[in-house]
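Below, chain A partners chain B and then partners chain C, in two separate complexes.
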Partner chain A sequence: MRLAFTNAIPLRLGRANRVEIPWARLVRTTALSMLGIVAFLFLWAAAARNIDTSLGQFPGPAEVSAQAANLFQEHVAERERERAFYQRVEEFNARRLAEDPNYQPKPRQYTGKPTFLDQIGTSLVTVAAGFVLATLLAVPIGIVIGLSQTLYAAINPLIQIFKPVSPLAWLPLVTMVVSAVYVSDNPAFSKSFINSMLTVMLCCLWPTVINTAVGVANVSKDLVNVSRVLRLPWLTHVRRVVLPGAIPMIFTGLRLSLGIAWMVLIAAEMLAQNPGLGKFVWDEFQNGSSSSLGRIMVAVLAIGLIGFLLDRGMLLLQRALSWDKSAILR
Partner chain B sequence: MTHLSIDHVSIEFPTPRGPFKALSDVNLKIERGEFVSLIGHSGCGKSTVLNIVAGLYQATEGGVLLEGREVNEPGPERAVVFQNHSLLPWLTAYQNVELAVKQVFRGRKSKAEMREWIEHNLMLVHMGHAMHKRPDEISGGMKQRVGIARALAMEPQVLLMDEPFGALDALTRAHLQDSLMEIHAELRNTVIMITHDVDEAVLLSDRIVMMTNGPAATVGEILEIDLPRPRDRVALAEDPRYNAYRQSVLRFLYEKQRKVEDLPKRAASRAAARAEQGGARSAG
Partner chain C sequence: MVVRKSRFARLASVLALAGTLTTAAAAEVGPAEKEDLKFGFIKLTDMAPLAVAYEKQFFEDEGLFVTLEAQANWKVLLDRVIDGQLDGAHMLAGQPLAATIGFGTQAHVITAFSMDLNGNGVTVSNAVWEAMKPHVPMADGKPAHPIKADALKPVVQKFKADGKPFSMGMVFPVSTHNYELRYWLAAGGLHPGYYAPHKGDSSGQIQADVLLSVTPPPQMPATLEAGTINGYCVGEPWNQAAVFKGIGVPVITDYEIWKNNPEKVFGVTQAWADKYPNTHIRVVKALIRAAHWLDANDNGNRAEAVKILARPNYVGADPQVIAASMTGTFEYEKGDKRAVPDFNVFFRHHATYPYYSDAIWYLTQMRRWGQIPEHKPDSWYMETAKKVYRPDIYAKAAQALIAEGKLKASDFPDFASETGFKPPQSEFIDGVVYDGRKPNEYLGKFKIGLKGQDKI
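This part shows the complex of A and B:
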């Protein structure tokens, strides 16, 4: 499915190429990806019938789509309850105000449980925050060490050591440090959000740092000489010569980083009980009802689909920012 | 005072097998407005001389004086036209020239004057019609024209050209040589050009500096080209003086400084060329 999509989507997006693409090829790629999906569904259904767990039979495609519909229904119902709650509060306040003009209405918060869609929203916000923070750190670091061989030699060992560290190893440290340092009576962000975000940042920093540094170091010597002959100031040199030249590599790094960020986030949420998709999976697992496995499978597919869409989003961003529109982007 | 003097320049590049002496005691005095070609076999260090004048390399011994001041870093008063044009591929022709003009004339020209100056230089190299195209949208010859426009726009005291037409086909090259002669007649820049094309050297130059083979290359002979300007390539083809000049350059290259082509020597010279490249990379 992934492979087929990677072929098909750039073709559809390529504005300049659109005319040249033979329709036959487009139809063929689409047909092949459909075929792949259908074959997978059959295999899955067949395999699921033969797997019995303590929570009943492993969910097949039918059970999972039913659960997906259920989850959506629950979301709609929850929103309806929330609306009804606020309506009641409003009516109550209006009545009290009519009886007693000096009545001060108290703010009342609805305290329903977050639905599957809410959890997805939380996860997306967290991953975006962690990824943006990581990018803001990683790109400048990458540029600086890419420009200086000395700094690169000094920092590279650190990168190589921290790069393979699992989020699960960082998490306890992050949690303790955040509890100690992030003390506020009226916090703008919850601690769990800060924990997940920092863990995501620590884990997804490295591919961007490394790829940016490589991209910067590989900017053509001749272009660097042009810059030297012109005596361009450092900042102009970086902005006009180095950055545009390194953009493809920077984006390679960013896409790797975003993929890692998304994977790390789910694991971190699961372990730390931070709200989000990871917690949803964990809660369903602990819940252990006959529908749990189906609901977890919905989450698995949602996680995969969102990861795929995030990657496509980065690709679109790269297309928008890169000067070289003809470069093959995958 | 000499305009530009290359004074007893030697350069060594460090290699894993000890220092490699690429140039030894290169001496050259160039007058203002003079057009000088450097010619020699590949690997003889022509480009190294140019890069030292440009300030991109530092001479190990000796030095370069421009108007009596020592050259020790690159600068726009010694503009370089690179062999492979070296335009920034993400900028249009206009923007490439603009980058140079904005840097060189910052605070000295108004916005309108800069625009006029950029357009003037692009017109000079006959690129007025395609000034808003990016390098990947124009031909190799056009890219080289933009490279020349960028260098000219810096109003350099010396224009350094490193095999500027080496990568072009013969017709385009002839066309650009004619343009270059026109520009030189108009602006009277001092030009140092590297070439290994004998016709090009004789056609364009006031003097041809012939270099011996490396390692430890140096100036072998200097030939004054006393042909009236403007020069016309078709008329010159039958001029006996032109042919005599050609012949003496050819004699230098293929008799006095013939590349010895027996196998072990060739391997050695290739190793030396590699060493020079390696050294150049680490030096640059």
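This part shows the complex of A and C:
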């Protein structure tokens, strides 16, 4: 309660200052980051010229941007082929119906190759699914062990042991278990999706669990005491006192988890041949054509950029949900 | 519900056929039970029939909507066929046989379509080639082909004397490449090593002069370049890739080790084939048409095939690398280009027909190198071949194509008299004659290798 007041006051007082945008600082940081990027491009171009691989010269910025354009064009062309495919499917269905009135046409997926943009979409969906699943597990676990010293002592060793396990170690186990357990004639999700999702989940669970537990354990004693005086029921206590107090730490955990999830996903896709950006990289590596390295570089940059955007998204969410608006979040 | 309907539909079509009793009607295949299929392949030029059947819409002509998906390696591919993630796949000829007899993963896998003949080569690193060259007989200033492993023997002995292992890569323990490389080495007096699965030894390096190990095909050049292996046996385009990248020299093609040897097959599980018999026949029909297209007009369509294969979702290597072998030439040492018109055969010489004698040859090699650890009677070889190789399904597909006028009867073996055994073949690098009806007698002819009651 006290905390909320002290925070509300500076915000209200600060209204007069808020319209002033720190132009000078903004220009300076923008200029500096541009400078950094330009310097990197030059260094990259210079280094690329001096690296000869058996697939030809290492791709520089020009080659990579050309490949990026190529990948986009391939995407457009593939969509065109997709339209033609659906046309043929319609014709086929009509023909089959004419032969056999009982024939029931099935909705049909396009059979052509997934393009680079499709692979990005697949990766984003998979990482989101794994991350949401991990969050749904990790936050409750974190709250429960954060509230109880006894449980924390019991579960902590397990967390410490499982936390450093690499996705590469989980993957074979996950694959075998999924193919044994997930048996269905008409599965809603493909096995490869489930494999990637579970691997991502297992790897990105831990930072959220730990940070939630720490956040919960460190909720101000005053607030806990207030809750105790008011004799709040357990659930209300968690909802009204613990959760709001632990939100900043929970989000610190979630951001770490999402970062790990994204990294793990690429590795899992590469290793298990699950559709997505990781598979794109692996396939191009296997192709070993003269444009392969350039295309892989496009994927590397895309992976970095998406990882960055995911992190910024979490940061915005954290700012929106956090009560402590004065805390510096970066 | 769906099952009942399709059964009803099949019944209806059978009744309709009974009305018009012509040979064409007898050959007609009912509609596919499963229309959406996913097939796996490994990035090698001999996956071409699958790519062509897709791109030329032969699959769609059969009412099949097929997705083709590249797989990481042969083990992943086989496992995914067995657990049903893939409906079928481009497989090594030895894979369905080994799976069925339980060497490696156990599962009843069958094949009704042989995908191609030949198409592999043995490549050694530049350093090994330099050391080999003085021992290679020359003709007209060029190395005389075929180069025998006799020329490699002194190099391996030098490695041994220096206490260094001589390692070569092949793509899978039951791959054609493994058996071809072993055949070539053993014909030159080099022991490629035994397997002893009954003792839990699946390294295949017992008593070996040359240590063979598994490397996935697309990684062969990189592994050679890294120096982990001194040479390898692999399919195209990965031998020509070594020449283009200047990291190795192909010394022999498998065409010279065993002329017109069977290479890849299209494999499905027995359970899948039982569940979807019409689908299976229709898949084979589409593949036969694709193979025919690949060899039509004296390889006239090969340039177009190269363009298809060079796409990143198929083989993805540079077109000139794929073209090197697909269009009937093969470059050995840089600049030493020779015509090998039959380097890749997809349809000629009845390449697509699943011969029992081909299956038995692979079984003999499994026995020769200990993958089959004990003696088996000739009848066992015969039974196993019949369990895995299914010319009956092939014949149904071919007859349907003949009835539809898409192919001619002369394109195929005479199904009425074909026994599934090729006449005894002698075109091996060591001249040993192979008769598929007498596997144990054949094994007895080799100096190196298990035979009779031998056991490791």
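One rule holds in what follows: the second predicted complex is superposed on the first by the 287 of 330 C-alpha atoms of A that agree within 3 Å, B and C clash if a C-alpha of one lies under 4 Å from a C-alpha of the other, contacts with A are read in each partner's own complex, and residues count from 1 in each chain.
Here is the rule we use: a contact is a pair of C-beta atoms (placed from the backbone, for glycine too) under 8 Å apart; a residue touches a chain by one contact, two chains touch by 3 or more.
For clarity, every value in this text was computed on a predicted model and none was experimentally measured.
Trainee: Examine A:102 and indicate which partner it touches, taking first as chain B and second as chain C; both and neither are also allowed.
Mentor: second
Trainee: Go through the superposed model and pick first if A:228 touches only chain B, second if only chain C, both, or neither.
Mentor: Only chain B; A:228 stays clear of chain C.
Trainee: For A:111, using the defined touch cut-off, is the partner it touches chain B, chain C, both, or neither? Pick first, second, both or neither.
Mentor: In the superposed model, A:111 contacts chain C only, not chain B.
Trainee: Once chain A of both complexes is superposed, is A:244 in touch with chain B (first), chain C (second), both, or neither?
Mentor: First partner only.
Trainee: Chain A residues in contact: does chain B have more, or chain C?
Mentor: Here the partner covering more residues of chain A is C.
Trainee: Kindly list the residues of chain A that each of chain B and chain C touches, one partner per complex.
Mentor: Looking at chain A, the two contact sets are disjoint.
Trainee: Which residues of chain A touch chain B in the complex?
Mentor: 220-223, 225-226, 228-232, 236, 240-241, 244-245, 323-324, 326
Trainee: Spell out the part of chain A that touches chain C in their complex, as residue ranges.
Mentor: 54-55, 88-89, 92, 96, 99-100, 102-104, 106, 108-109, 111, 113, 179, 190-192, 271, 273, 282-290, 292, 295
Trainee: Which residues, counting only chain C, touch chain A once they are in their complex?
Mentor: Result: residues 2, 5, 8-9, 12-13, 31, 35-36, 43, 54, 57, 60, 63, 65-67, 70-72, 76, 83, 85, 216, 218-219, 221-222, 225, 241, 245-247, 310-313, 315-318, 321 of chain C touch chain A.
Trainee: For chain B, which residues count as touching chain A in their complex?
Mentor: For chain B paired with chain A, touching residues are 54-56, 73-76, 78-80, 82, 84, 86, 88-91, 99-100, 103-104, 134, 136, 154, 281, 284.
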